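Chains: A, B, C and D, in written order; residue numbering restarts at 1 for each.
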């Protein structure tokens, strides 16, 4: 037999990562909140999107190139902010940011990055800074200034975490960060590292640090505070999208945080079309939650998105092979997207966004 | 490993209870009628309700407090009437009513309570009396007077039991009450305790006692007879809801009796929206049948309900740990509801009732 | 344990029958044609029909009585024509017709009855004669005259068998009738009893005997030929229903022959509503194909049918216990229907036909 | 037992073929691209099409005869182009083309046929030539001329292969053609036969040979170049169908290449109705992708198609028994179609195309 054991799909990386990582770390990345209804719905919603390809289009120079926030990217994809990446590989965000740089896509560094912003930016490429608004306003705006100074090219305000969702796997595991993994950008207490009672230490820590009193005023303040493009991440309601546009955001990420916050929240792909309609082209609209392949990227584009954020799959690559593993995941995504675009008769991303979809009822 | 064995969901209590209770008692609480189509449909209908959360709302003082029948409650939840609770724990209704009192929610004591009304009311907290109209009208109205005298705060007339549904588990088990468990409020014959032929003794007893000739006149009579708020429980048709409003009820419980009466009856959550529309705010509308988590409570609120009744889960808590077990179930529900409300951007129940849902077809 | 081993549902009779009957005879009764898509769809279609019960109706004298073809019946149910019943029990049609008589419902004797018409009628009760139009027109009309003479009260013309559908189980079994089971009413050749090639001998025999050139003229001829009520069985298209009404039929049986003729034919319960609409009360409309319980009968009534035919379940009863077994099946059906009607707030069949349904998409 | 072991359905041939063929060859024929979403959707879409049969039509001389491209056929079916058939049986296309001839249906010989066009045509019967436009235009038009000279009766231009889809089974198997199987009509390099890296050699070869820069101009050129009927194969968008009509094609094959090209492409049967509507009878419309039985052919006709192409099932027959195996598959299809047409009350293909369908939501 000549059977190749190479990973050929994101699912291959997923199984490899699940075999490699300690169970409670695997659970931390894989899990969703509550009954994981939304985690499952994210996939189901994408799987129900069928594409109506076009034929006899010259796709000999079909290209996945596009722009995000007005800047050129090799793929209409950015790395989603994922906290504490040294959990998955000693190189953590250093590895994934380099991988994103070499794939020609933006890397979003989390407020809860386990590598300091500055070191991430050093890796080269375009870096976006994901902001969790802290209880301390001044500290929050300091973080923004620090990101600007380091050379980040956008601020991504995540708005779906007044506190951390009930992730039952972490709660049952009484999950706590190992000593060597820390939130490198913010003042940390011991909380995130200490098992206490039947709780997730990470959730407890988050609740202590994050502001749950956040309102639209915070967005206004951020908008006034920085000249960088501002992205709002974690919207699902068209009314909120309208309001975000009114606040001058440059992009919206339609997202349910990969099924990790409100369980029973509508799937990203199900929420997307209404938001596209509400926004009427006044800012970019990205999708995340459940994207696993180039086909999924094409589905998002066909539904009208400008691009997507990629969450867990990059982490699987990181866990499996550090920077090289992450690069292979992104190359796979590019191969798949290029393949799917060409087969759908799309020579570029603009054409892909004009494809019709045929959505089956659930 | 640091895996916690604590129950973190209602399903955890369910498995624990199913392991603890004798099979025929487990079947009595778990089962539905006929092919259990409606029992399953209750869950499926809730699982198809997805929520569209709002963002950037100050949820730092998010509260689950509300009112039911005009009186303050800690949660928009009441304990559903469940017969013969001493089957599940020696303390029976004494334990669950205390648990409800300490959680700050009303407890509904059944006509078929295994603890006398007066002793239930003594437990403290708000108690509602659930009325099954007996063959003997005078005895029925006496029961109402007795409930008033004892201090019950509402009368809940159950209208979906002209007789007991065909619960096949009980029939196959030839289920009969053990000697120490009796209907403490009504005159009992031996029937409920004697196995006879291939039948459920409990069903036989019910048929002997209950009136199947009940009409809307009974509701009018009840309305005239008492100054307490009157709740009608077991409606699924909008036309019936209209008529109940015309009869001056204070609340309607949209319910199919947890799938225990008409098999193939429409799921509660599927019936709810039409009833909300028909009622047009003229009385409170509560939902039961299938509620298992705070997320489900939020689903019911988002569909327009004022609150829910909680049936089986409280019994699971009772079976597992008496009063303490029941309290833990209610605390869990509160934790989950608070968490879900905050993550959905709702600072109070009024906001939750304004959430939009995204219902998938079955 | 006091677990009762009594059959409490049609499914219990089904398992018992399947254990008792020789495999190839079981396959003959259980099977459908082709991929058995329609066989499965019949159940799925009924399972998707949910009922909206009414409350506070006096159901103390709830009755399942009704009329079929203008004559009183204890249940709105007739025994469907089923060929060769001596395959399942030595008493064959004698047993099932007696069971129908004692349950107060009509029995439909098949052209392919294994007991002569006259002996079936002797059993007492109302007997309908099911007619397969034979290649020989004169022989066909003779059969009708013979049925009239014997005392049959209606002629049921089956129109969905120009030839027998491809029932793969029978084909794989090379099914042939045992010597002692014969079509007692028509001239038989040896064909039905001889295994020949990879075929069902029963199918071969049918093709030899039945007319595949049948048109509406045959119905007109039958209508002119007899004064008995004429029923047309095996319609699924509203246009055909209209035409049948124009031909003066007294009733239509919406049926796909229990999934035994055209595989991929629409399920009976899915076809019913359009036909009810097309017929506009100008004749009775009955449903068969998949009816298994009193709940299913109520579903059919709520969808607008006047009643149903019961196919396989009666055969299961016959196989399990001859006449007594068949009676138990019918009693069970009555118990279930009475129970369901009362729980749905219907004191009679007319009320049941006014129930609203809530149909889920497939 | 008299159980027959004869194959009675396409699925029987499928299991037999899967047991006989080497795993990597089985994978080559069975597989689809990507997650095989579309491969599965093809079946699901057909399974959701239910038919509304008509009754009392004289079907005694029911005939499956029809015309395709204006010429008489015994069945409204043509053999789909399938490459490299000597993989499955030493006789390859010689066997299947003879089988098609004896069944009285057209055989489509692929550009990638493993038997030269001329030898295929010699087998007798109507042969269509399937054209893949090569990188070299002159070579492409030479192929057309050669097909004309050999006596092919139509040119079928396949437009859904700018390159080969990502068929993961082949990639994992590093699938390469065995030495004795070659593309007999086109100049071949060694590529298709050499395992190299983690890739399908067949895909690599295809990409080297095929033009991905194809536009509608190519179709215009082909139309001008030949007097034979021109068929365009691989359309799913109604807009493309309109455009094809404007280019003077004689027929359109609605197809997603059996789920082997764009994964997540809409199922053929789901795309068909919109295309029928767009075409408004201006050319023939055929369907392929997922057809497995006469019932499926009838479904396609009822949805408005003029006929279907049959892909994998013929290959299963070939693998199982060479020419005889392929003939048995086609006879089975004819038997099934005849049976289904008659049971649906259709005496001919025109009547079948007037059948109504009842499509369930997915």
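By definition in this document, a contact is a pair of C-beta atoms (placed from the backbone, for glycine too) under 8 Å apart; a residue touches a chain by one contact, two chains touch by 3 or more.
No experiment lies behind these values; they were computed from the predicted model shown.
Subunit A and subunit D touch with mostly distinct residues; of the residue numbers seen at this interface, under half occur in both copies. The mean-CA centres of subunit B and subunit D are about 59 angstrom from one another, to the nearest whole unit. Subunit B and subunit C, compared by their mean Cα positions, are separated by 41 Å.
Each of residues 361 in subunit D touches at least two other chains.
By the document's touch criterion, interfaces exist between A-B, A-D, B-C, C-D. Of all residues in subunit D, those touching subunit A in their complex are 23-24, 34-35, 37-38, 41, 159-160, 162-163, 165-166, 168, 171-174, 195, 198, 211-216, 218-219, 234-237, 239-240, 261-267, 270-271, 361-362.
Note for the complex: subunit D touches subunit C at residues 1-4, 6, 8-9, 47-60, 62, 293, 295, 298-299, 335-336, 339-340, 342-345, 356, 358, 360-361.
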